[in-house]
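Each of the two complexes below includes subunit A, the first together with subunit B, the second together with subunit C.
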Partner chain A sequence: MSTIQQLGEAFERRGERAKLALMTGPGVSWLLALILAPTAFLVMVSFAEVNSSYDVVWSFSVSNYRELFVGESGLFKTPFIDSFLLSLGIAASTTVATVVLAYPVAYLLTRLSGRTFKLVLFAVLVPFFTIFIVRIYSWLSLFGSEGLINSMLVATPLVSGPVGIFEYGLAAVVISLTHAFFPYMLLTLYSSLEGIDYGVIEASRDLGATRLEIAKDVVIPLSAQGLITGCVFVFVPALGTFITPQFLARGKFTMIAEVLTARINELYAINYGAAGSLFLIIPTIIAFAIVMRTTTLEAMG
Partner chain B sequence: MVDRRQFIKAAGAVGVTGMAGLSGCMGGGGGTTVSILTWTGYDAVNDQVEEALDDVELEISIADGSANMFSTVNAGGGEEYDIVIPNNEYVPQFIEADLAAPVDMDVITNFDSLYGTFQSAAEGQFSDGSEIYGMPLQFGWYAYGYDTSVLPEDHEHSYEVLFSEEYEGVDLSGGITLYDGYYKAIMATGLALGYTEAFEGDTVSFTDEQLTTIEETLIDFKPNLLGFVHDEETLTQDYENGNIIASYANRSTHVGIMNEVDNVAFSQPKEEELTWFEGAVVTEGSSNKEAAFQVLNEYIDSDIGAALSEERNIMNTSQAAMDNIETESLQIEPDVLEGMIPFKPAERDDTWIEMFERIKNA
Partner chain C sequence: MADSERHGRLSRLVGEPGQTGIVSVDRVVSAVASYGMWALTIGIVVFLWLPLSQIIVLSFTESSVLFPFEGFTLQNYVILFTNESLLLAARQSAFVATTSASVATILGVPLGFAIARHEFRGRSMVRGLVIVPLLMPGIIMGISLLILFRITGFPAGFFGTVLAHSVYGLPFIVLPVIARLAVFDRKLEEGARDLGADGKAVVTDITLPIISPAIAAGFIFAWLRSFEDFIRVFFVGGTMDALTKEMYGMVVYSQGTEAMDPMATLIVVVVASALAVAINFRDILEYV
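Up next, the complex of A and B:
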């Protein structure tokens, strides 16, 4: 190969690299500027201290992390841990509830077509298009001892007084979050179920499988990737939710985002907030690691 | 048909007009722009203040709380903002950090019209012993509002209402809300328990035993609470739905509720009330100090102060301004100022907030 040809190929390769850099450059810069840099800052602040004048003192200290985990009564006996465990419980309950409710609807959607399909999908998704705060105010009117649900129940001979589950509190928060995140689960499950070859279901039916066995041994395993992805899409935002408990818990318990917000707003403890936020990232990373190991981008829909 | 030359001419004219307009917005007219970091509602009287002061233009920015105001100014916003209006308990921090300029009392000609309580507060909490650094502008206090259709207006007004399952024969269980914030909830419980000596110094300082009793009281009483709530919209909706019998929050919040819902009144407890007032500080870094003090003087003017109060549903520290207010819900009993305890910083913020988190999760 002549030197001129070699030079030509080298320029071509360089041109390819330049093109690649030009294409990926904006995306990479975006990631660096808006994700990596703030996260790095968060890490730095989580090891810093804030003095009485609210200045950040750049020193390396693990006291913020210690404060998260070590309380007056001992290790892991802190309000942060209490709220964290409660938030995990609420997020898990919400995820289970959305799975239970969305699976049959998603399956139904795969069996429908044309106008009926569009109608059902529209009916399911229409609340999703309203502003979140408006939906919260709707729940506010529905719950409570004098709320719409309890008022209607009390008017019937079925109950003699307000029903506890429809009071403000844990149940109200889980129900509201389930309603809020239902479309995430539905759409991911639908995209996964839609890809199933229904010939397989028919074959298993021909071979004598019951409905339960078909669901357990065929449908669920074949839609597992969508299920896992849907769970992550619901669990992660439910874990860090802030507005819903603000309105519907009535301050009777605090989810983790509320603890961090109160510390930052009332004490300007951004160092504590940063340490808490980083700890909150751990379950999110675990959830995404599970997804990445078990599913593909295509299966995520 | 427009030719190229005509188009360029027209575009040039539009450009010049636009630039002239912009320069007007940017203060290019030679006036002084006074920049204010404050709460919502102050912009309602911008026109009146600008009319009263020649060549002064106001630029209002809203901050998310007093701590946020302090951190903004402390982080270098002292030159960006001429006036900052935090709550009174934050003014000493501004003084301590050399962020507040001494008040030019020659400019504050309306100072004498302030209620004696607030003149004393300026000379006490807002002073370093020789000079005054802050000006009380608007005030309110914390007590409880109540549904008069359930709890009669002639009941004995006391914080005991907030911690009773039954009061004067009225069943209160499940119908009480306390303020959703560690500082106010703990102080209210302390007052209800009679720990008034804790409020005597420069800071609010409960002993360990008192804090334990406060925590136990709140945890024990929590099942009887509707919850910890303080935002006006939620409280209004709860009063409308009949969920609330009594709610502990700011007076201005209750004035807003009273404007929307019938049968809601605000109490005047026999114990003392916790009072907050907005303390305006002219920043040390301001290059428009004189204009800034003139603006503060207008906020306690009898007309502008009254208008500001009516817009914000908050009382004015100027008696002359209060005399001009017609809104019924803003009228106050003259003796209400006598039993007031001004907000002071909590001595052990960290302990208080952690305690409040424990109470909420109990």
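Up next, the complex of A and C:
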């Protein structure tokens, strides 16, 4: 190989590398500067202090963490722990509810075609595209002691006064979150169910499997990947939701995002906020690990 | 529905000859499952639509509750369209969303190409990093960016929000581009090259037209996520107004609540009509 040829190839390789740097550089630096760097600062600030003029004073103290976990009446008796556990419970209930509701609908969607398919799809997708705050707000006048549900119930001879479960509170929050996140679950489940070869189901039916056996041994295992992804995409945002309890819990309880926001807004305690939000990152990291293990990027589009 | 399935259903209905009278448990389960699935689906559609349709009705009523009913009016819409600060906030949110989604597109399309088509060091790390904005709870993104801006002295406000929303929107562009390129038939490009097209012509005439629906869908998603975001703009928006901030204030502080129902109704109507067109136009499920 002549020197000139070698030189040419070297230039080409360099050109290739420059092109690649141009393609990835801006996007990657965006991610580094706006995701990775802030997360690193978050960790650092969680050990720092904030002075009276609200500037960060770099130090290493665990007082923010102590504040999270040690309350006046003892260890783990703090508003933070209460809200965190409650938020985990609410997020878990929401996830289970969306799975139970979305599975049959997703399966039905894979069996439909043409006009019916489009109609069902339209009916379930419109609420999905209306903005989140509107979806949550839409439950506001249904719940409450004077809400539509209770005023209709009171009008019947069945109950004497407003029913507790339809007041603002836990049920209102879980139901509205289920309503808001249902389409995420539906779409991920649908795309994994759609990938199942229907021939496998027919074959198992021909071989004598009952419907229940087919569901248990064929459909659910083959769609497990979509199920896991769907759970992650419902659980994580449900855990960190702020607007939902603000609108529908009406002070009956506070979720984790409300505790952190209140501290930062009222006391400018960004160090406390940083320490607290790190505990929200833990479920996120678990979620990330699950998604990376079960899904390929090509399948996530 | 496949013909065999239709045939299967028919034969199950009629039953095998000589088997009349024997109802198998499986056949009952089948029927229950099939009708049950429809019943559940209809129930869920009602569940999804009930709160929204109730708001649409409320936007035309005198009182802010359905009972006691006090008659229909357009007054709420007059209140909405004379609420200058709400309309301004809506325009501001649309502007932020358009800018952020555009930035995300400009950064995301080449990144998606590089990940899908090139081998480079750190590729798998970049692949992982791309989905983080999607999984990171909004409150963490908000607080951590607030801290970053505070430490670096970057001003919160329009530019801060655009930075936050553009990185938030990045996965919605990158992931569809990667997915689209994964099923893309490279032979089309090779063919064009064999027929004498240069690299540039291949990209503009073959590759981009094929992946552009994926980019367009990604843009719409990135736009919507920015437009509907509350918690990030709450932390990094500074004094800049946003539609979601206005709506939040209206509900929590009960100020000018009359405008809430008509605003929500307009959003539902716009979304529903856009979606109706999109569903009839293409197989949109490819892109969600």
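One rule holds for everything that comes next: the second predicted complex is superposed on the first by the 289 of 301 C-alpha atoms of A that agree within 3 Å, B and C clash if a C-alpha of one lies under 4 Å from a C-alpha of the other, contacts with A are read in each partner's own complex, and residues count from 1 in each chain.
We adopt the following convention: a contact is a pair of C-beta atoms (placed from the backbone, for glycine too) under 8 Å apart; a residue touches a chain by one contact, two chains touch by 3 or more.
A quick note: this is a predicted structure, and the numbers were derived from the prediction, not measured.
Novice: Is A:Ile4 touching anything from subunit B or subunit C once the two structures are fitted on A? First, second, both or neither.
Specialist: In the superposition, A:Ile4 touches no partner, neither subunit B nor subunit C.
Novice: Does subunit B (first) or subunit C (second) touch A:Leu108, or do both, or does neither?
Specialist: In the superposed model, A:Leu108 contacts subunit C only, not subunit B.
Novice: In the overlay, answer first, second, both or neither for which of subunit B and subunit C A:Leu140 touches.
Specialist: both
Novice: Quick one: is A:Arg263 in contact with subunit B, with subunit C, with both, or with neither? Answer first, second, both or neither.
Specialist: So A:Arg263 only meets subunit B here.
Novice: One more residue to check, A:Phe247. First (subunit B), second (subunit C), both or neither?
Specialist: After superposing on A, A:Phe247 lies in contact with both subunit B and subunit C.
Novice: A:Pro79 in the overlay: touching subunit B, subunit C, both, or neither? Say first, second, both or neither.
Specialist: Touch status of A:Pro79: first partner only.
Novice: Looking at A:Leu158, would you say it contacts subunit B, subunit C, both, or neither? Reply first, second, both or neither.
Specialist: Neither partner.
Novice: May I ask you to name which of subunit B and subunit C touches more residues of subunit A?
Specialist: In the superposed model, C touches more residues of subunit A.
Novice: Intersection of subunit A residues contacting subunit B with those contacting subunit C?
Specialist: In the superposed arrangement, which is not itself an observed complex, subunit A uses residues 137, 140-141, 146-147, 247 for both subunit B and subunit C.
Novice: Using the touch definition up top, name the residues of subunit B that touch subunit A in the complex.
Specialist: 64-65, 67-68, 70-71, 74-75, 93, 96-97, 174, 177, 180-183, 222, 225-229, 234, 237-238, 241-243, 349-350, 353-354, 357-358, 360-361
Novice: For subunit A, which residues are in contact with subunit C within the complex?
Specialist: 20, 22-24, 26-28, 30-32, 34-39, 41-42, 45, 56, 101, 104-105, 107-108, 111-113, 118, 120-127, 129-135, 137-142, 146-148, 151-152, 155, 179, 182, 187, 190-191, 198, 202, 205, 210-212, 232, 236-237, 239-240, 242-243, 246-247, 257, 260-261, 264, 270, 273-274, 277, 280-281, 284, 287-288, 291-292, 297-301
Novice: Which subunit C residues qualify as touching subunit A in the complex?
Specialist: Going through subunit C, the ones touching subunit A are 1-2, 4-5, 8, 25-26, 29-30, 33, 36-38, 40-41, 44-45, 47-52, 54-55, 58, 64-67, 106-108, 110-111, 113-115, 118, 120, 126-133, 135-141, 143-148, 150-151, 163-164, 166-167, 170, 174-180, 182, 214, 224, 227-228, 230-231, 234-235, 244, 247-248, 251-252, 260, 264, 267-268, 271-272, 274-276, 279-280, 285, 287-288.
Novice: For subunit A, which residues count as touching subunit B in their complex?
Specialist: 52-55, 71-72, 78-80, 82-83, 86, 137, 140-141, 144-147, 168, 247, 249-254, 259, 262-263, 265-268
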